[in-house]
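The same chain A turns up in both complexes below, where it pairs with chain B and then with chain C.
Coming up: the complex of A and B.
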């Protein structure tokens, strides 16, 4: 395929083809597409391939804001295509590399347009030059008619479509019909019953030997013009296609199918980079003083193209907020997925976050309290889901202070699905208790106010000793609170896998981490790998490219050669013998048993 | 195309013994070649190329299955001691043709994470979707094992209908196109039923999967055991024929594994180390994706 063709936008479906909760199978330049519309109306165009085991996404389900792959239930969200649910490991957020391959898509002229060379969210607009079609003029409207398949290449299809007028009873004898043509489109304009009408034909090169003919009718908006047109266009196209088949120009059966040969999508410019994803603009629709020193902020996406970006998350999620002080801060979401903010004028789904003004703030929370007013625009990330509900029989939520935020969202989910739960909320005093209305909507809520550290510990021990054995424990609060609960749970013989808590920065357990040093043999550079940070992250921060894929020690992509020192292997990729030999390690998870590792980098 | 020795000089299943009528000639394909085979009245199998010369191929019957080789296969067959246990039922579970690489069919057989989605209500059910860590090892003579696999199954066998139980599994790969599954028997605590998936690569993108059942079950009729197995495979068929590309990619940046895929990852790596190319997707290796640091895509046999 030529570069010029490939760099352009193409129509791939009529807007009505992307029906609610449906995944439409498309093809463009032999690349298979999964086209779908989310419940907010946003159109997604993805490579039709789950990046896990290659299952076609069109086999899966459109669940409103996500596509669920039918093979392993992986769920990819609308917009950026990020996988946010990975059921085989329901407790850990999927690696950021697990993402649908997205294409830029827009709706225009009642058609869906796609550019394979650009990822979703790319700001470019479809060029219209040689498509012959523009936005409808004032007082006029455009409607897509039925699209037809011609089993032939685009040039043959074009020559055929140029003969369209001869197959329509009224157009065939009409001397006012004017025809324009370009390499990929045909335009007819004429007057009929006193109305200026236009038909645009746009050719989609689905496969080398299969072309889709899209047709768009343009007519005065006040005319009941479309009335006979679906049937009239269908009849003309059928007659035209039969003629082309009779003449031997077009095949009556498919000449090839997608199963014959897999064609990967063309490479795209790298706009998404791990760790520096695009932030979106959000409007602050309401600011509420929910307790002493705690404010809630209702946020909704500002730009139409991001309209569903905050609608979908797993309870327990947080967003990154670029605070007015210039610091990126993580704030948990208190609202439920899909909630429409009370203060929203547009009825857009958003999120509510809570921010506590920290007395020793470096500026983040203070600037949120001091500078953000209703109507302000802030930059935020899409929701991130590091803290999740397990599939256990019930949930015991233990919150201290502002830590109640994600637990309220989770408790709301448990309540909504009728699962067993209880919430214990520790706070300095009644004035510090936030979100009274949300608490009142839950059933089994217990406030513990003004307790000393000793009394808090005793209360925790008492709660855990009498908890329902079906429950898992979810903790959010300051470190001493978390430590007290983990200690109390251990003393009662509760398994560590039943205590869940928020770890903002990483998904792998860092409980047994020790810091270590690495020396890079080729440059002599020495780097420190601190607790809580992986070797691969430290390397990439210093500009040393180690490619990663699964980020879980499974795939072997980030293998580095060890020249000196003893690695502490935490992966499942290397065999026992290879681990003993210690000549290589997986930089995404493995650490060092010795103080220093020398790497062949 | 020249097919590498590790694939060419190998035994491949063409039929489960009970499915073959004596003295009738069957036509099939193997590694892209037309072949024919037949059994005589005593059940002895012979095979030959489907050409004018009827060039003979090697053929034998082992484990209730007829095997053919186009090349010079190894003397030693993989061990299957359960086949000789007198209290086991031995029967075929069906042979199904699928439009996918046989390597993908084997990999699907080694996977638990798809149970709640592809086999909902049979081998798995939401919300019991988590795959607990299991142990993968390479054991003599170079076979892959996944041990300590457990999964909650609502109805793990044709006879279990009691609301589900945790099933123990052991997976074993003996040859690139041969895998075995050992699963806890509902009838004999402490012993395991054995299911063999013997895959015949018709071409790189088409395969025929033959299933052998070695069961500890005195009550269920043959038809019941077969029907269950065919129901399960029928569910897999839909997914397998919708995997793209049809050949198995070995590059873990093209298809991303997670921890639950440790067995699948070991299998892909094992194929790569043995130099298996037939049925694997290599097109991207030559193009955009350079080999990562410290890793070559084809290594010496371990």
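Coming up: the complex of A and C.
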């Protein structure tokens, strides 16, 4: 990252300006900003445009952890700006490319600082030397005062602010006032009533003809000092502005409009990251043996900057967890959005996941069981909202074994909003039934224990035959369980669009593997994918990083766009329609039916 | 029964509808075609208000004009002793009347710019916009200090909204329709969110609701605590 990019930090608001559930309208270098704080206090700075139809996000609503555009209700989440709800297609997850244009933002000196050249989440560096301000000294505190708009360029505003002392009743006659100045800041220091006081003025170039003057007072922390300062500073700035207008240096009213001055945000460096680089640290606040071979893990974000990262998701979501064995694994969230973990010492909102120890584990579940204890730190992704409730009158949940996890969260949502639901939980025996207390909170729960495959099928047929016709069916369990339900639904004439499912694993046969070629459209490079190697392996061997996660065609992480050729899909992530269309494929498992595939890479 | 002679797109009619909704007072709307029919200048309506303006309120035969005056009447008639119009507190009564008068200044500027923009009335829109900008700056600076008071956040002291907040609200929110951006007035924008969260708040064309406050909806998706 070049120094120039990292140094372009500007103050854009006082920390107090970003009120709870409010979207603050800002402007920097003619780029309009939507600045908002989530319910956990994390600050977001986005381009003020919905990426759908360009409506201003500042017309929309801050609902706690999302901003909802006023125009068509698209909802963007705090942190990475990902769009997670499209109301017109609420049951399908929006593509990951639908995302707010985010900027790096940080709170320092009681101000909000933004860097237009860097995306959210980029580590911030402290303000550079010519801002003149630093962290407050020991026993001292900094408070932002009111920011003022001057309709003039930054140089004129700077010359004006240098005259500030003359417009404050007490400073104007004080010979002890020392003034320092830089091209974008002014610093006053003096002694008053035995206290060393400092005022920092920082200039924000909003538009070429409009400059914002931020002011930060630094005073001893024990002096309840701020008292008269909001009014005193406002009075001085009003007098100063009035004088500058009288002198013809500053305009009384805007010289341009944001519409006329509008420029799109500058391009940001596109870094293609592997999944693991976007993970956040989470603390394991509690580990519970919830059933035979099943442990639940309560997680909460560890770093203050990520503190709200697990608070908001759509029931049915999963997170990726980097297991101690070094494998990235998907685990569904059992808890409801916004739950404060029972084991949390800090009252932070987190998630509960459950992990079943698999006898033929490739290392993921065994290492979670063997090595993760309370207090451990694990790396996890933000929630991924792939599996979700459709807009239907009711929900019939069919779970087998550990597949109950996402369905519990979804059923909790149905119960909390008073909608019709029933949960059928198939398990090997009473000792294998997890989350009894969560099951008790639901209304219509049926346990089916120790049934043979034939008895399971008969039970499924009977449930579907008598289900409420308003309900959609949600399934999570192993493949044969899903197949039995899909078959039974078909036999009863229930449309395939009424059966929603999530699989935790995929069985792939390599018997018919054939070698094929891929051409990468952007570089023209051609590669051979031999038998015994996956497309994603071949790509990463040649330095083309494709993010992978489950490596069995379940999670959708490694999706690549197909421009020409016919993929042979082996995943369980894409829908049948998407597979037929053939515009994308999962690079970890899927291969090619044609000799050549042209990929958008 | 109350009859409101009403025009859907009028901010001054809207503030009366808003207050009637907040107080949960049933009323009947009598729609008046302000534009393009200029029905408010018809003989029938001039008989009710010789100034030829809307809204007009008829409460069981008692006929009133002027939105601000109507708000004060409704407050004292239907919510006496409430925070909406603090007649027993001389200072707060004075403050409320001062900001009610300010609402008329907003009508003369912000609303005028909008009338020119929406209906091409023959008005000096640039002059109206400059005037509105200066008024909004006064409001913003007042509200910035008010936010820092323990019982602040509203136009008048006392920690609760008054009819002055409702009176000033519509032509702040509708200002962008007259070509006046609120970008330079952060404290004013925060105050509009507070007004939108008053119980009973209702919308009009161009004025959208706010999300519920955290007190009203601690989590936005119906979370249950285990």
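Definition applied: the second predicted complex is superposed on the first by the 486 of 601 C-alpha atoms of A that agree within 3 Å, B and C clash if a C-alpha of one lies under 4 Å from a C-alpha of the other, contacts with A are read in each partner's own complex, and residues count from 1 in each chain.
One rule holds for everything that comes next: a contact is a pair of C-beta atoms (placed from the backbone, for glycine too) under 8 Å apart; a residue touches a chain by one contact, two chains touch by 3 or more.
The structure presented is a predicted model; accordingly, all values stated were derived computationally and were not measured.
After overlaying the two complexes on the shared chain, residue contacts for A:91 are found with chain B alone; chain C is out of touch.
Of the two partner chains, neither chain B nor chain C is touched by A:430.
In the superposition on chain A, A:39 contacts chain C only, with no contact to chain B. By the touch criterion defined above, A:21 reaches chain C but does not reach chain B. Once the two complexes are laid over each other on the shared chain, residue contacts for A:70 go to chain B and to chain C alike.
Touch criterion not met for A:377: it reaches neither chain B nor chain C. Once the two complexes are overlaid on the shared chain, A:178 sits clear of chain B and of chain C alike. When the shared chain is aligned, chain B and chain C each come close enough to touch A:59. In the superposed pair of complexes, A:492 makes contact with neither chain B nor chain C. In the superposition on chain A, chain A positions 32, 59, 70, 258 are in contact with chain B in one complex as well as with chain C in the other.
Note for the complex: chain A touches chain C at residues 13, 17, 19-22, 24-25, 27, 32, 39, 59, 61-66, 68, 70, 146-147, 149, 230-231, 234, 238, 252-254, 257-258, 311-312, 314-315, 335-340, 342, 412-413, 415-417, 437-438, 441.
Residue ranges on chain B touching chain A, taken from their complex, read 99, 107, 113-114, 116-118, 126-131, 133, 136-138, 238-239, 242-246, 249, 252-262, 264-265, 269, 281, 283-284, 288, 292-295, 302.
The touching residues of chain A, when paired with chain B in their complex, are 32, 48-49, 51-56, 59, 70-73, 86-91, 94-95, 97-98, 258-259, 262, 264, 267, 391, 546-547, 549-550, 552-561, 572-573, 575-576, 584, 600-601. On the side of chain C, the complex with chain A involves touching residues 129-130, 133-134, 141, 144-145, 148, 179, 181-184, 186, 189-190, 193, 208-214, 217-226.
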